[in-house]
């Protein structure tokens, strides 16, 4: 389904940038400087890869303005080669076109109006009251529950689940196995048992959001769980009820966010970070992978609590010494006391 | 699908408690003290929220017996307002009623007897030998494997999977993407390869259990994996083969429990805690979120191993100092030796 | 679906080993020494279980060559009793036979050639250009995307998803909820937004691989994500784009591996270990459960960074002391300075 080849002049015509060298050179795909073959378009994102640039077999490259003359290859000069490369990658690999229509093996409630441009694939179940935008694609076996809404140009990959009443904006991508709108984890203890608290809020997702495979986003208890515009969620993420994830925040795989936590805008959260409930994380905060966050973070710092792995015997010594810190502190205090005594006597 | 409004007298008639004030006041829903609007019923769970009580716009509130006169609003006085609130939330939001019957797009083995009160939605696959209780709901696209049994009033949300021979009790709620009964992770090494050990036990789940979205519970190797009555499991949890989770234990999202571990009754396990295999955890143990448990816990303590996140440069200093603990300990010993020498000389 | 009973002579005839004692003894299943009942075949994997051997009710046992005379029970003597036991468990519990054929409620693209020996169950969706080997089983509701290939004797459990163009070798087992080939997490920042980088590589999986329930393996960005022969993946694992997992490596549940990391052959990775991106892990490396790996590991060591849980007040003291390490180090330096002064004065 790849598109192309494209002449460099065509690419610059569509995406901008300054073309230096032969505009008729054709490229068939994108590649890193190292793996590029003749016919590929590559890019220099950071100066440290300049030796790769010298050795690349690419037919053309994308360069930042400061590196305009770093090669004699045909080149596209632009402000941000990595972002330019991302746009080019989409040019070569646009989302796979779907045949509009409702597959006969899909089950759609009679009251649901399916736009003629939408594609509902085999095995989908679309319940009453669902709203679907233009060009929505529901991959095979998706479930969209009663009263949910999915905005124009959004695409659910096979076997994604959207519970009733949840809302997804435009141009969303939801990967297989994602579950949007299951009940939050809310129970009141009573006499040694747990009484379920009805979870009656929704999940409300903005525009341009991507949700990774097997990621779960719980519906709110009373109010909604909110994922703002442009948020990117990787795989295997768990977002608890009543969280709010600020616009354009990116969250890597295996992250867990407990209920009622608010994450700011433009944050970056590394894989497997775990964020407690009822916290507030400032805009532009960076949280390193595998970090545990147990209190609110009020400044746009980089935060971590990771102890890198070491060889097991060395690590056991370190842990034993940590456990002995109270005694070590005590010995220092004793030394200070005795030394002060010795000094007084002089 | 919300029910109501209800007059306070009706609520007390159904759920008990003492009504103080106008019994004809009608409420349309529940809300926290802060977010409540006129028409809402709210609750005071802890005295520390008494200032919210003074400012609430709720039409009525649920109070503990000790706070009977803390407001002049119409009120329901009871022993445990939070549990009462949970019951009220269910009154307003009962599980969505399903139309009994088997959807024509479901595939049910001919030998399976479907109670007339049960609902089998589109895309379900129910294999031979399956037993389903009264009023069971299988959401769209569920799979129930050969010989499995699901008790009365249990509800599987869309795309839940129950492997063959597994047993689920009554009133269970299983969310989308949950996988119950996949093979445990059992292999024997032989000449650099892994030989699969057939996983022939079952998963046996008691009554009143909830299983969250995308949670996996593996079948036992020879004996069964057991989830006792009243256990509540959040999303993205992994429970290994031959585990036993004691009754009324609650486990938050992203927790992993390795094989053959026994968790006691009434435990509370925070999100992303990781519990090793072949351990035994005492009844009523509390394990903080993100804690790593590598040995059995024999007392009903609260356990943790979490290092809260800090700013990255500060943290790097701390890690470097931890790695230097052996040297630091050595320096203290040297100081003690030298000081003892100095003291002897006096 | 269990097979048997088998006489010991039959078992040795099929699997090898030396039979000591009555060859006509019949066994009906396998069990551990402790849980075995008459009629069971058990095994002694480690000498430390010899007291269990003395007390077992098993009808026969599998012993290592060095323990040939450790019991008077009928016995099979072999090099590796645990591996032998694994083979025997498969003898008693072979994979459930499936009826070949395409279920009428499956949707298979007209160009796909289904081997007569394959079984495509209800609700499956198989897109154009898919290649399926002999005796492939696609459980109910599986999705296999355009151009994907699945090798002979592979079995996908219900609701597994394989995105287009991905390749799975022979004798694979893929459990329910697994998602193979979703987009990697690749975005370029541009003016505060994230621009998606088309993910155009594949997932390529070798022979004899097992993939656990709800595990996700992302497709490569440009090149492929590769899982080599004999790799065993447990549940809830996340493998990022462009990773390569070396042959016969075993990875336990909840592990996350960020993009572009290469894991060697014959590694063992414990549950919930988290491995950063762009790293290289040597062959035969062991990584303990819950360990965080942030740098490449060049030797076949055992690595860990786990701090075992302790009672919460004790742990808080330890954390406070860790945070005070800089001050403690300062106090030691001060003591050294003062003591040196005192020593000079003598």
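Here the chain labels run A, B and C in written order, and each chain numbers its own residues starting at 1.
Methods note: a contact is a pair of C-beta atoms (placed from the backbone, for glycine too) under 8 Å apart; a residue touches a chain by one contact, two chains touch by 3 or more.
This structure is a prediction, so every number in the text was calculated from the model and none was measured.
When subunit A is laid over subunit B using CA atoms, the rotation angle comes to 120 degrees (nearest 5). Between subunit A and subunit C, two chains of identical sequence, the interface residue sets overlap only in part, with shared numbers making up under half of the total. Centre-to-centre spacing of subunit A and subunit C amounts to 26 Å, using the average Cα coordinate of each chain. Across the assembly, subunit B contributes residues 105, 123, 141, 159, 177, 214, 236, 254, 306-308, 322, 325, 328, 332, 335, 339, 342 that each touch 2 or more other chains. Touching subunit C in their complex are the following residues of subunit A: 2, 29-32, 35, 80, 82-83, 85-87, 89-90, 92-93, 96, 103, 105, 121-123, 139-141, 157-159, 173, 175-177, 208, 210, 212-214, 230, 232, 234-236, 248, 250, 252-254, 266, 271-272, 289-290, 306-312, 315, 319, 322-323, 325-326, 328-329, 332, 335-336, 339, 342-343, 346. Touching subunit C in their complex are the following residues of subunit B: 105, 107, 123, 125, 141, 143, 145-146, 159, 161, 163-164, 177, 179, 182-183, 185-190, 192-198, 200, 214-216, 218, 222-223, 236, 238, 240, 254, 256, 258, 274, 276, 287-288, 291-295, 297, 301-308, 317-318, 321-322, 324-325, 328, 331-332, 335, 338-339, 342, 345.
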